[in-house]
Each structure stands twice: as structure tokens, then as C-alpha cells.
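Letters A, B and C name the chains as they come in the text, with residue numbers starting at 1 for each one.
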């Protein structure tokens, strides 16, 4: 389970770095709080962070369900793929939001594998 | 606890479906990323998803606190009510945002029962 | 662990109160859903809530990692500091968004201590 805990921490650190970069863009482009629009580059990083927030809310419980009911090491491995997918998503979104789908899918596939796998594992244990 | 795990998975699947429907509305109404406004129907689905995200962040820990410190089967039952409430919220918000309060309350009541119940359970166990 | 559960519940209650106050500002200033802008005071409270949501998604898993792999009572204490920091953040943001950094830092420091500490604890246990 320690490997799952460390992957959890890494995903949270990534989310924090993305939030920090939103703050940097805010300063760079003079987007004054509470505004969340006004400059394209700021808005892109803002959406990368928000989308990663949306995903991590699904990812973390799915990671732990899979770890508990299927296998913790496979969970940790799929979790690392999710984190890599999110970095690809960020990089491609900042260059061109229209090209964000590959990075999205790279993070989405391991996340769905964790979620569906974890649910099946819990179901099998219950029956 | 397996029932709680499955309800967790169902709530996450619902959140994912809502996110997917935001993406569909984005394409349907030509709202190009990173924009998150520009068409009323898109904005409604966007807010349904965001509000469900806000709620699930409270709901999931509350569900597990209640399961651990009160009763896992009652937790799972209240969790199902929360998920139903969110579907009602989505349906009414898309028709008319002014009529979203009943669906909101249907999801909110079991969520608060889980949160307050779970906290009281933990408090009683500590004393 | 009960102390950690209660701090978890308190942080969730705080997030709920912030969400409730966003709703009150919505009514007060006539910002009709699905709009999330249109009045400065509403937008400030909206951003306070969103930022607290972003933080709690990191805070709660970090709190439990620290409790599991380091010490539950220290975790609960750092968690209370996080909650206090968020109240200071809210108060200063509503007065002047430009003065939000002290409250932000007050919540951010214990959160990062929980995250980094929890990861180190898990790493040491694995080795």
C-alpha cells in the first residue's frame, strides 16, 4: 500500500504545481483576482489545472478501490501512467487546446481501468 | 464495506458522465477550449458538472466516515439517495436553472446526514 | 484516528459554509445561474470557495497519509491550522483580493507539511 500512498502524493504534487503555474500566469499577464479570464495563456493553464482537478477527484478514490480490491502494485503502476498522461495533456493544451485529446486519453484510460477494475473487485468480494 | 466501495464507484461514474456531457455540449455549440461560456445550454451542463464536483468532494469522505463510525449499509443507502438527487438536479437544471433547488436538496440531505452522522460517530468513539 | 476524522468533518463543513455563502451572494446581487460573474462581491466569494475546493482536494488525502504513516494527532493539529488559514484567506480576500496571500500561506504551509511528511513516512515504511 505504501507504493499507492506515494503515487497519491505524486499526483497531489502535480496538481499543486499546476495550481502554482496558474498563479504565475496570473502575475505574468496581469489577470487580477477574482477574474479568471482576460489572457489566452492564463486561461489555458487555468483550464489545465481545473481539468486535472476534475480528474483527480475521480482518480484518487479509484486508485484506492483498485488497490484494496484488486492489487496495490498494479494500482500504483496505472497511477503513474495517469500522472504521465496529465503532463502530456498540459504540454499539448498550452501549445494548442485543439490538440489536447491525446494527453487527455493517456490519463483517462488508466483512470477508467482503476475505476472499473476497482468496482468489479469490490463486487466480486461482496458476492 | 464493499457496498460503500460500489456506491463510491457509481458516484464517480456519474461525475464522469456529467463531464462527458459537458464535452458533448462543447462540440454541439462550438464552444472552443479554453472558453467556458458562450452558449446557455453548454453553461448549464458545465455548472451541473461543477456543482456535482463541489458536492462529491464533501460526499465521498462523509460517506466513508459514516461507514467507518456508524454503519456501512446505511451509508451505502444514503449514498444511493445522493446519486439519485444529483440526477434530478441535472434534469431540472437543464430545463430551467431556477428550478434546481429540489434536486439540490434531494442530494444535499443525505450528504449532510452522512457528514453530521459520521462526525458524531467519530466523536462518540473518541470519548 | 478519530481526531483526524473530526478534523476531516470540520474542513468539509467549512467548505460547505463557503458554498452556502456563494449561494447567498448569488441571491443578494441577483447573479442568475448559470452565470458565475457579474458582481465583484459575488465573484470574490465564488473564488474563495473554488480555491478552498482546490486546496481541500490536496489537503484531505495528505491529512490521511500523514495520519497513517507519521502520526494521527500531529496530523489533526496541522489540519486545524489549515482550517484556520482558510478562514483568514476568506476574510482577507473579501476585503481585498490583493491581500489574500497571508491567509493563503497560513493554510498552505500545514497542507504542504502534511503532504511532504506523509510521502516521506510512506517512503520510509516501504524501504
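Following the convention adopted for this analysis, a contact is a pair of C-beta atoms (placed from the backbone, for glycine too) under 8 Å apart; a residue touches a chain by one contact, two chains touch by 3 or more.
Here's who's who by UniProt: A, B, C = MAPEG family protein.
Remember, it's a predicted structure, so these values are computed and weren't measured experimentally.
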| message | More than half overlap in residue numbers between the two sides of the chain A (MAPEG family protein)-chain C (MAPEG family protein) interface, or less? Answer same or different. | response | different
| message | So chain B (MAPEG family protein) and chain C (MAPEG family protein) are the same sequence; what rotation in degrees superposes their CA atoms, nearest 5? | response | 120
| task | Let me have the rounded angstrom distance from the C-alpha centre of chain A (MAPEG family protein) over to the C-alpha centre of chain C (MAPEG family protein), please. | result | 19
| Overlap residues in chain B (MAPEG family protein), where contacts from two or more other chains coincide | 53, 57
| query | Can you name the residues of chain A (MAPEG family protein) that touch chain C (MAPEG family protein) in the complex? | reply | 2-3, 5-6, 8-10, 12-13, 15-16, 19, 32-36, 49, 53, 56-57, 60
| request: Write out the stretch or stretches of chain A (MAPEG family protein) touching chain B (MAPEG family protein) in their complex. | output: 40, 43-44, 46-47, 53-54, 57-58, 61-62, 65, 68-69, 93, 97-98, 100, 112, 115, 118-119, 122-123, 125-126
